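What follows is a set of notes on a single structure, which appears directly below.
For reference, chains read A, B, C and D in written order, and residue numbers begin at 1 within each chain.
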Amino acid sequence: MDKNRLESFSDGVIAIILTIMVLELKVPQEPTLAGLGHFWPVYVAYLLSFGNVFMMWVAHHDIVAAIRTVDYPLLFANGVLLFFMSLVPFALAFASETHWMEPVPVALYGVVMLAASGGFVWLRLAAGTHSRDAQVLAYQRAQARTTLVLGFAFLGGSTVALYAPRAALFLYALVPLFRVGQTYGRSRAGA
Amino acid sequence: MDKNRLESFSDGVIAIILTIMVLELKVPQEPTLAGLGHFWPVYVAYLLSFGNVFMMWVAHHDIVAAIRTVDYPLLFANGVLLFFMSLVPFALAFASETHWMEPVPVALYGVVMLAASGGFVWLRLAAGTHSRDAQVLAYQRAQARTTLVLGFAFLGGSTVALYAPRAALFLYALVPLFRVGQTYGRSRAGA
Amino acid sequence: MDKNRLESFSDGVIAIILTIMVLELKVPQEPTLAGLGHFWPVYVAYLLSFGNVFMMWVAHHDIVAAIRTVDYPLLFANGVLLFFMSLVPFALAFASETHWMEPVPVALYGVVMLAASGGFVWLRLAAGTHSRDAQVLAYQRAQARTTLVLGFAFLGGSTVALYAPRAALFLYALVPLFRVGQTYGRSRAGA
Amino acid sequence: MDKNRLESFSDGVIAIILTIMVLELKVPQEPTLAGLGHFWPVYVAYLLSFGNVFMMWVAHHDIVAAIRTVDYPLLFANGVLLFFMSLVPFALAFASETHWMEPVPVALYGVVMLAASGGFVWLRLAAGTHSRDAQVLAYQRAQARTTLVLGFAFLGGSTVALYAPRAALFLYALVPLFRVGQTYGRSRAGA
């Protein structure tokens, strides 16, 4: 399979995941600032989910840019990754429905994010092996390691969620914050 | 018509079908593990629908890769295929609404999947004829035969659904499992 | 503006319009054949709306294929067309909500379809003028005339809807039927 | 990163934002002209939101057309812009839910539009700096200034909304009207 079609199909799926999350943003019952304020964890969670999915798209591009063709293991890993990513709007809706106050939905959000991170680790290793280039493989392995380490924020958040759901939100926010900081750092270095 | 535009439009439609299915994943009333567990057939059905639609996209690519131009019979067969595929989220929502426990919605899911398989058979035969190449025609015919044979799992599932709806779910799962196994086999062969 | 970006953006919008209509397909309350049968006008309307929007995509391609660049009048006409097309899912939902039995929603469906037809007439004339080629202009004018004539089915349907809403559904079906017949005719002629 | 992928991903996101707004167009309870008429501010708001987002797409193309490559600051500014644009369907739904009669939702619509305008100012300045071309930078600065000036209509609308919500709708309409007028002017000048 030509990598362009994998790329454009994945772009389409990620763009839809990113954008339909806004459909889960429930409108407050009371059309007042208090009504909006009551929902603050929902809006914070939307912001960090948007940030996470956007950075996932950047990472997906980074992976696909390093390969030339697509074989079945890559296609399969990509399908698994998109499946886990497709659960993000569901996990966001479930946790938001309970105002990020119930342990199970908030923990599930972290589990879904962790699964998506696992999908990225898998895709990076598959892309590295596929490239048959020691340098590319080393790069993909290093990136996969960072993703794995960041996954601990989701794992930790999921665990914390069982005792203090809203505190988990702050742990979940670490990943997009780190990714944005990293991007900012690279952009300064590149300047 | 240029085949690129057919390809990118079909990719767009399939990406949306794949992704809006998550909007039908209803959030459990009770934010507990029991609440989630209660919905297990809904989540299994989402997983297998995602798998099926993803493998349909792979098949669509395989068909379009073998042709050079698009004529009206191909365009028409493609439209019919996309129509049947567009019913998948509806059939999934209908069967999920009743927790995969009512005969009619579960049987309808199989009928819609069978219709989509029929759309693929039609498109493959149209693409084979259009190619005016005996080898391509033979390949498309062989593939269409496999799709037809796998269609029996949907037909069987629809029939079983009338007596034991949840058992049908296992029959429906055969198709994505077979397709994933086939892909895995090819990937090993290619290694 | 490069015509490729207009094409791909329009493709995206039309693909989404085509596919989100399925979200308006309400699941029957009763999970029985009688429950499904009760909704038959809704399903017929979905089928003909899908057919209409799909044929609109074919027409859009036909228009854009004949031009080389995009100027502001074309961009503007394209925006107006997409706006009217974006109302199709709304008009479908409104008429479907009342089971195609109330005059106003059924008449509105015809008005929206007529407005989309008007958008196509405008875009074809703009594309013909823009081409500065007498043959292209004549072709676009002839096509615009056909669209205008078919618009009478929508106008007639809207009028009939005020007295017999469900009868209007048959008039609305004339356009996709004619377009499919025309496509079929061309495909035989081309064979 | 290749600018084509940024372009096509952004196109996808903007196309989805543009099209899912129609899902927020609630169907009137009463299937009558009075029922529809009751919702007029909702329909006017849909029209002007569609116009605004469509003109934002035109502006986005204009920005990306002037650059050759994409670096991290541009990627980041683009993400922020898409985030603010993704809130437009939410703000539209919130204000429409209250029939554009409550101060807070109507003011929030203006704030979201202002934030999106700010995203455009940022992206234009980033694109101008990135180009390392004095002429491009001057052009992007001039365009950013226009966007900033038009932002006052949103700021004014938000302020007016606190006292007379529906009057704000007219202030918000100024921006798409100006943009359409400008486009029309350019199209005449180019003719």
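The working rule: contacts are C-beta pairs under 8 Å (C-beta built on N, C-alpha and C of every residue); 3 or more make two chains touch, one makes a residue touch a chain.
Keep in mind it's a predicted model, so treat the numbers as computed, not measured.
Peer 1: Most remote chain relative to chain D, going by C-alpha centroids?
Peer 2: Following the centroid criterion, the farthest chain would be B.
Peer 1: Using only Cα atoms, superpose chain B on chain C and state the rotation angle in degrees, rounded to the nearest 5.
Peer 2: 90
Peer 1: If you average the Cα atoms of chain A and of chain D to get two centres, how far apart are those centres in Å?
Peer 2: That pair's centroid distance is 26 Å.
Peer 1: Quick one: report the Å distance separating chain B from chain D, using the average Cα coordinate of each chain.
Peer 2: 37
Peer 1: Touching at least two other chains at once: which residues of chain C meet that condition?
Peer 2: 8, 12, 16, 20, 23, in rising order.
Peer 1: Considering only which chains touch which, how would you classify the arrangement: line, ring, star, complete or other?
Peer 2: ring
Peer 1: Residue numbers of chain C touching chain D in their complex, please.
Peer 2: Within the complex, chain C contacts chain D at residues 1-2, 5, 8-9, 12-13, 16-17, 20, 23, 71-73, 75-76, 79, 82-83, 86-87, 89-90, 93-94, 97-98, 102, 104-105, 108.
Peer 1: Taking the complex as given, what residues does chain B use to touch chain A?
Peer 2: Contacts found on chain B: 7-8, 11-12, 14-16, 18-23, 25, 27-28, 31-33, 35-36, 47, 50-51, 54, 57-58, 61, 65, 180, 183-184, 186-187, 190-191.
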